[in-house]
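Next up is a structure, given as structure tokens.
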């Protein structure tokens, strides 16, 4: 199968998936028992039937459910996700505002976990059953066992409060004015603005949250890399390579690692999209104004268009990440290409 | 690859060595940590206490309070005013030197527009304009306010943010209107979220909901210019975060300090703490409608509750600055009973009352409450305390935490049978607490109406609303509170303290209950 | 006998699994005997002794309402452990049903069922759970329902691929040849062969489920506020950095339980998976 055909097939399959997701999130959003009318109108206004009717009409709440859904989908195709009831701003604009913070955090988190995970995994596999293997395995289990919100608290308590080696919550020091918005990613925007101080500040603020957020995936990646490396290292061609007298690390890095990375790529893809959504807890503790907090606030305030918007966005991220993983797979695995 | 890594390494070294944050040294910035409770910066829709920090810096009202008390009414945009004999007509004479931030002079038309717009938007604060019959401009600098009936609290009401005076031309230009149908046709809110049209010392520069609100000094301000060039109000919902980064020096003032943090903050020499009693009343509501309230609608059960809760421990739980008001008028308001006149816990009395009501073996009831934290009062914790107290008289309480908006909706609609709520004064006059009487705002939420209330309390209520003599007024309020101690659907729990912490070098801090802290007066 | 011997041998080679199993056992015993072990009742308040640091009276200190943190931590397992178990069990049942039917029927049914499964996989678990909890009201049952809704697709996938891999085995073919009904083939012939891998996955998963459950109750979407539950206790302590014991101990409880479960799950995988067995040996 050529890459084109393969890609087309995947893209076509995405359509029913996204439609399904929209139906489910629409159903759930509408199952919320509270009436957004009272929650969003002033007390006097909510007591006035004319104003209530006008409000319900304005937000389409007076239409039957399936009509509301069709209207929503029609607008969605035009890139209009409606207007947040709470903030009175277009949801698309809000998502664009909050998404970069989460992307920055999740990317930093995945970087941490890939670097730590692959290194630990390789080390652990190469020195199998040695003390270092034992230590790494315990470390990786700690990573997948510690509740992220607790890790964040302990991290702040020790690293910020006691030792003061990392800055406190927030994306930048509170006193610092954020860089002019280009991408919304402070690390990138500060470089664009040529402000190295700002860049450093944003990196420092990323450190602890990324470490905390990445801990779980790091543990996961370590474990996958280790078992995958173990499998590859016992293959015949590795023995052959060794017998040719190649140095051990060349064997490991050149021959084994590349082949062992296949399953790791899958897990990285899965982790990335789960990090994006799992950031809710980390964002709460680190006062990180990202998509997770936005979703949390939307759910708390019954902001129906916002809940829909976030669900659709995150589902889309999931689908796209899966697609990217599939493409990587296609490149990495010769069997898929020729089979 | 190796080349790339080397380059990256060198680059990062450079950053680490030379890159330090160059905060705007030339600019004086005040950073405020605040748990953002507002989602509109339209002053005529102002309602939430946090929003006052912004509105009070950006807009002005006709009259005002001193910065550290609410005991005296002072001139502000109005240099002077007359009150007619019958108390129905107020004539305000505006200052002639006031200009808006865009340079336009203030006129009586702006005041008329602002008041009518606030009333016709029918948003949360609109009830404050209920006693106003009309607002008219007699000439460019004279405003005539006519009332429906005498309202001894009207000047205090005019100090509330919602009566902020906006530049009528500018707001009209952006879709604003003061017409009767403003609730449906006014579209200026969007613009007012990121801009301002006021006469205050600052202007709104930007507002990023849930992130920060940035104010910048108004170059055309008519009074003494403020010290800081810019005020950044950072949304920091977690009080622990506010404390942390205040200690690190990243913010200048933390607006949401809780009592339990005070001991450790006091140990820090670099930080100053301000702590006082708030005007917030935390109370229990029982629904008078038997369909909704069940056993809670029984007057004997309601009285039993007032003997069953442990006031002393609730006060201790709430921490420094807290006290127990004797009835539904908070300590500090004219005519409030002394705390020593309050009820004390009497379990035998409570059990006897329950037995008399036919609940000798107790009963099971849901307690609904908004799951949130208000100035350090964690509603979940208070609810658990009430649960434990009532268990001692045989009442089994199931806690039903609700999302704030969901709970608010049910509360406003009078659908909660038994709930835990708070009340903040809308304006600084004891009359605001008539809302706890039959057919008042809160009375209605408990379905306490003219139909099901005693004649005694109805007479007291009707007398106090129009009474202008302060001694008679206080006596009437006294009788109302004594009545509330024995009857009615409310249980006053406590009045929490309110606490602030700020950089010890910061000068000019003053607190009053209306707008809390006037940020424009702070300086180093 | 020989089998038992090798198992014992393997256990010795995998001390982590033994440690994990012991810790799990200890937590199960603690949760069951919490009434006898806890020095105080977990709901007993003494407000005047609130926020006391750990001492001999209160080994883990007291919380905002003067309740004994140690007693609450000991009782906490009664909510978290069954919740985790319940989520994984229900997810496994639903997922197995979907996966087995999809794998066995193949063709259009497979496509349809798997697309349906993907819809739920694409949902961020916490956000879906938040929406469900907001819709149904926060309590343990709803948290478990919300989690199960997003949990089952993983099992559907695994079971489907297992069913497909054994579908064409000789013994299945012969069952089909003698005219057994498809339901019978699926239930009696195919599924028993898929149980072991699904169980290993489930063991590894319980820990994860406990973590997510704790996360939900951390956000206030779990059990009743006064009930002793670990995630809830951690979040109650979040405003109290100075009173470190409020969050630290319940967090530690979650951590040790999940860690122990992971030790056991890891060990079980090694024991049952022939590939890794070869390498350990």
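General observations
Read from first to last, the chains carry the letters A, B and C; within each, the first residue is number 1.
Just so we're on the same page, contacts are C-beta pairs under 8 Å (C-beta built on N, C-alpha and C of every residue); 3 or more make two chains touch, one makes a residue touch a chain.
In this text the structure is predicted, and so the values were computed from the model without any measurement.
Among the chains, the centre nearest to the mean of all shown protein C-alpha atoms is found for A. Interface comparison, B-C against A-C: more C-beta pairs in contact at A-C. Here the CA centre of subunit A is 38 Å from the CA centre of subunit B.
Once the centre of each chain is set as its mean CA position, subunit B and subunit C turn out to be 45 Å apart.
Subunit A and subunit C, compared by their mean Cα positions, are separated by 23 Å. The set of subunit C residues that touch two or more partner chains comprises 134, 238, 241. Annotation for subunit A: residues touching 2 or more other chains are 33, 156, 161, 284-285, 300, 302.
Across the assembly, subunit B contributes 238, 244, 403 as residues in contact with two or more other chains. By the touch rule above, subunit C contacts subunit B in their complex via residues 43, 45, 47-48, 50-51, 64-65, 134, 137-138, 220, 224-226, 236, 238-243. The touching residues of subunit B, when paired with subunit C in their complex, are 238-240, 243-244, 258, 260-261, 263-264, 310, 313, 316-317, 371, 373, 378, 380-381, 383-385, 387-388, 398-401, 403. Those residues of subunit C whose C-beta lies close enough to touch subunit A in the complex are 16, 115-116, 118-128, 130-132, 134-136, 207-208, 211, 214-215, 218-219, 231, 234-235, 237-238, 241, 244, 247-248, 251, 254-255, 258-259, 262-263, 266, 275-276, 278-279. Remark: subunit A residues 33-35, 38-39, 41-46, 48, 50-51, 54, 86-89, 97, 156, 160-161, 167-170, 173-177, 195-201, 203, 284-285, 287, 289, 293-294, 297, 300-302 touch subunit B in the complex. Here subunit B touches subunit A in the complex through residues 14-16, 18-24, 29, 31, 33, 39-40, 45, 47, 121-127, 183-184, 189-190, 193, 208-211, 232, 234-238, 241, 244-245, 248, 250-251, 403-406, 408-409, 412-413, 441, going by the rule given at the top.
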